[in-house]
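Each in structure tokens, the structures are laid out below.
You will see chain A twice below: alongside chain B first, and alongside chain C after that.
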Partner chain A sequence: MKKLLRTLAAAGTIVLAFAGSAAADHTVKVGVIAPFSGPFAIWGKQFKNAVEVYVAQNGKKAGTHTVEFIYKDSGGPNPSGTKSLAQELIVRDKVDYLGGFVFTPNALSVAPLIQKAKVPTVIFNAATSIIVKKSDYFVRPSFSLWQVTVPMAEWAWKQGIKTAVIAVTDYGPGNDAEVAFRTTFEKLGGKVLDAIRMPLSTTDFGPFMQRIKDKNPNAVFVFLPAGPPSFAFVKSYNENGMKAQGIQFLGTGEMDETTLDALGDAALGLTTAYHYSGAHDSDKNRAFLKTLEEISPGAAANLASVGAYDGAHVLYQMIKAVGSDRTKAVAAVKGMAWESPRGPVSLDPDTRHIIQNVYIRRVAKDENGKLINQEFDIIRKAVPDLGLPN
Partner chain B sequence: MPAISGILIDGVSYGMILFMISVGLSVTMGLMRIINLAHGGFALLGGAAAHWLTTIAGFGFVISTILAVASVMIIAMVLERSLYTRIYRFTELQQVLATIGITFLMIASVNLLLGSTILPIRVPELLSRPIDLGFRTLPTHRLMVVIAGLLTAAALYYLLERTWFGVRLRAAVDNRNMAASLGINTVKIYAITFSLGAGLAAFGGILGAELLPIDAYYPLRYMVLFLVVVAVGGMGSIAGSFFAAIALGIIDTAARYIVPEYGTIFFFVAMMLVLTLRPNGMLGRT
Partner chain C sequence: MDTAIRQNRPRHGLLTFRRLYLDLALIGAGIAAFFLFPDSLGFLTRVLIMIIMVLSLDLVLGYAGIATLGHAALFGSGAYAAGLFAVNFSADPLLGLAVGAVAGAVIAFVSGLILLRAQSLTLLMLSIAVAQILQEIASKERAITGGSDGLLGISMEPIFGIYAFDFVGQTGYWYALTVLTAVFVLLKIIVASPFGLAARGIHESAERMRAIGTPVYWRLVAIYTLAGGVAGIGGALSAQVTELVSLDALGFSLSAEALIMLILGGLGRLYGAIFGTVIFMTIHHLAASVDPFNWLFVIGALVLIVVYFLPEGFIGLPARARKLMRWSP
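The block that comes next holds the complex of A and B.
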């Protein structure tokens, strides 16, 4: 009996302690799940840098609430690990919001969890259209593959490109990109001469180059994961004389700012369509780059940076509006418009996905001789996610 | 039939790169009989050194390659004297665990010093241009790799089969105690051979970097490739590795020409067939 009483007393103290802390300060916790170790660690680093830039520019407080970010390492594509991290964050760390997510399977794995626990989750990257359909608590200020691929096809057609070969890496996003490009290009009247799905592990692209050259198209549209495949493809593209033959390179995220330097002059002149270039010409972006340089000297701003920066903005606006009363958070930001380092953007009230401009860029050298993605055309303004069936 | 000549040319040049990066493993694992999973690690160290020398220190490609290979050989010598002399006496499983541990250390070191993004090696302008062979164009550096591969194979064959060093090495590998009692300095022979294997790994890593780009996770990404080439070729047979690499290169390339959607499956089917029919590899000694 005595023991029972003591246990009860202890439990009471704990409850009181919790209640006390909740009332005393209005700290709202956000769990950020991303790879911080392994081959994809650069993503976590880019995310964290960008969130820190946002905090440095806007302070630790969103309205009356102090925001605290808790980072968790998911490693690479790892759905089950991501799910248990999310569970741990919600149950043990008592976070009210989640953020991060580089890979589609990781984002999908938490959908049932956040739906049940009613945890608003802001996706900083994962770009497969379907994700936002899987839970009402997903908000995605990053981009989707359809969103950037369709404008690429439209721009190509407008330039007088009539024939194309599609070469994509054979996995989910690559297949999405192929379908998006083909559908748009053929609807406009263009002809797809060949579509090649290249194995994910390949870094020897010589055989594919030969096949593309034999078809002699006006352009080759590619989708490749950033890193070794993009690097090796661009090298092959030059060394096999495709550039010389006049086959134009069309892509989306292959010219990522963190690997652009590695490509060197081989990348000059390559054309891609994307929602963000580190060299975007606006005061907002210059301010972003300035703070980034202070926080992490030498770091490049890329899609991950802008995704996390806008993700932090969305989180701040939700917290400012509703604090820990998270069930109302998503409604509070639906339709919200703001100025991002990438340009003017807003959140689609129906899909909770970002509406943004898609820019056509070509790789060029800036005044310091550094390679950048120079934006020179906007094919379409305010593009929603075009990959979601209505 | 341009397709067949295309397959042969691309296949041989890809096979030669496979040979270049796995021949060192054929020396350490095949001849010396240590399961050296750190082989890719030495290739990574060579590539990372060449990256640093060509892009940051500003040296030329040839000098950088020589310096990078030399420094990897020195590192390998130090590791051999301090760690591998103990690893030689381990059982096979212990060797696997020990050398994979060394690989992780190498990955983490490169990651810490140079980051996890791609580490490009700047090659001379001359090598990054396409070269016109009349009926088709080919990247010049592939031609260089083919020539370097042939020279390496010839030099190794000469070293192992035609010199006193080769005789002593083969004696030491066949029966270390007997060789030692005949007055052969087996400790020295082992150190030199191990260092040679690591140097070849570095050389292959640098030359193959255009096709298998160097980054901190290089050893894990391509470890299977090296092991397959050595296993299919037969342990301890330089000629076996050579023919296995060329054959696998041609098979993989043909699959990519004809049925790209099946990915690399033919590469592994070929491996399984060879190992089923000849468990010791194409030219392996039983």
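The block that comes next holds the complex of A and C.
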């Protein structure tokens, strides 16, 4: 198709116009690469649900083009597999756009490919700042770790928190979170009393709790993967009487909506900073949740859902604007602003990363007794990706 | 295993190349695949690379009987070495391949010195430990390896300065096929040599080999080092074609998958490694594209069926079929 269009373009403007009208109502394919099997399958499920919600609300057509999503399973972090899936989607399935991507290496592996093939790629999650720099065709309406961690540190300082202990899981994102929090907090004048890197596989946090208690900080900043480590940490945090001692819990994504219920009352009152809460108070979010409930009863909306929903929105806007003429697609959405279930957002024209509000939330119960992340403060509006050195 | 030895018994001289027709057919199939599936070259290239990895595992496990679940350590070392070499020194693919081979061999030699003093379960555990330690190092040394983000910035020069890597994967495919062919021919010669025979002898009975004067330990170290070099070549290819190395190259699941492919195909024959890998990855690929959400069931069923009905792996299929024919009245 691309080759055909190029030939036609060379033939002259009349022919090109003709080709344009011929292409006007053809199907535009989007390849979505995400984990649909194995331990990370929940991500793929959340992505797919959210994309289906978007399609249910907006129809199968973007402008005059019918949009077709093709899903591919990447499993876990697997760059070589992901790259060959992307290759195949572009070469065989003739997709014009790519979407998805949970893990940073997987997203990075397609960068040279989409740069050469000129395929706009919308990242639904992969949150390492550097990704968007690796190709001009990346657009990221998800978030970055710096984007949510810096506001957390700023808010803590504003609350009169002067000393903190950092406790992060010892892997890439955890180390990023540590650097982001420390840099911001120390620049403001705060003091980091201790930084603890905890093994990824541990669920026994007793010894770390004792170390934190001994330092007696105003707060403990935590970064943990959602799931068992977060349960165990929160349980340990309560059992060791940290809350009673006045050591405030500060986090980012630990209180994920898909695992929040399992945490139970132990989580009540914990403070986190994040770009999306399933309980965000807006009509847009309520409509999103309603359709989600119809499509997949009982499903919770979390960061993956909103990333994919906004990803679908960005894809639709690109397709609406340029159809299959994908070289112009990224330019068409740069600087675009829209109302997302997470609140007002826009795309940074320089970095192609999302600019959004970061909310300070605390875990509370809604009227049905269900645990939610209740947003109660916005420390800074319209936050860009703060992790990119300019 | 007796039949395996009898069937594959090496003779002298040119007879190394018995089954030449099969070898030529395989190479022909590799060339034909390029023209038959021009849209799936990325996937096909991954198959070729995986075959190199499984061939290396076959050398260790199938021929020498070294039970390992840490073969990714050697593959990953090759991948990281080739990747780092490309980023920091020279982006010449062939030099990178050599660096990958050396890295794989060195890691195999050093770890082999310790590993091969142990046997069976202890050996298995130690082999896993080596891979885990290397993965942990790669994860910690973020400044060098990129940690969990993966090693970035690999951009290969054209092969011989002529054939540039393209996004459809044509160059990558020919490159991988050529390297695989070279590796295969080399391994064929080696397993038929007295050295290869000794490895098999050790597998059958280390005691007897010791009694006839074979330095069992050093033979095993040598064959493990050789396999390390081969796995390192596979890793280097993967790094060059993907242009990214991440921690999964040293991961347990890679070791385990390679083992499953080898068992599916049949241990102790180079052809088994090839057929096992091709069949496993093709079914995986087809099942995952038909149903990206539930394809794992198909793979599980496949493994069960093969283990129950074809204990020698797919390579045992013709013999089984012959037997059945003979039995039927």
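Rule of thumb we're sticking to: the second predicted complex is superposed on the first by the 365 of 390 C-alpha atoms of A that agree within 3 Å, B and C clash if a C-alpha of one lies under 4 Å from a C-alpha of the other, contacts with A are read in each partner's own complex, and residues count from 1 in each chain.
The rule is short, and it goes like this: a residue touches a chain if its C-beta (ideal position, glycine included) is under 8 Å from a C-beta of that chain, and two chains touch if they have at least 3 such contacts.
Given the structure is predicted, the values throughout are model-derived calculations rather than measurements.
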Chain C versus chain B on the shared chain A, clash or fit after superposition: fit
Chain B versus chain C as contact partner of A:Ala232, first or second or both or neither: first
Which superposed partner A:Pro39 touches (first chain B, second chain C, both, neither): first
Partner chain in contact with A:Gly269 - chain B first, chain C second, else both or neither: neither
Contacts of A:Gly59 with chain B and chain C, given as first, second, both or neither: neither
Closest approach of chain C to chain B (Cα atoms, Å): 7
Touching both chain C and chain B, counted on chain A across the two superposed complexes: 38, 41
Contact set on chain C toward chain A in their complex: 38-43, 45-46, 49, 139, 142, 147-150, 152, 155, 166-169, 238, 241-248, 253, 288-289, 292-296
Interfacial residue positions of chain B with respect to chain A in the complex: 2, 6-7, 10, 13-14, 17, 111, 115-120, 122, 128-130, 132, 136-142, 210-213, 215-217, 221, 252-253, 256-257, 260-261, 263-264
Interfacial residue positions of chain A with respect to chain C in the complex: 36-38, 41, 44, 71-73, 76-81, 83-88, 90-92, 104-105, 108-109, 112-113, 116-117, 128, 130, 134, 171-173, 175
Chain B contact footprint on chain A (complex, rising order): 38-39, 41-42, 170, 196-204, 206-208, 210-211, 214, 227-228, 231-232, 235-236, 238-241, 244, 258-259, 262-264, 266
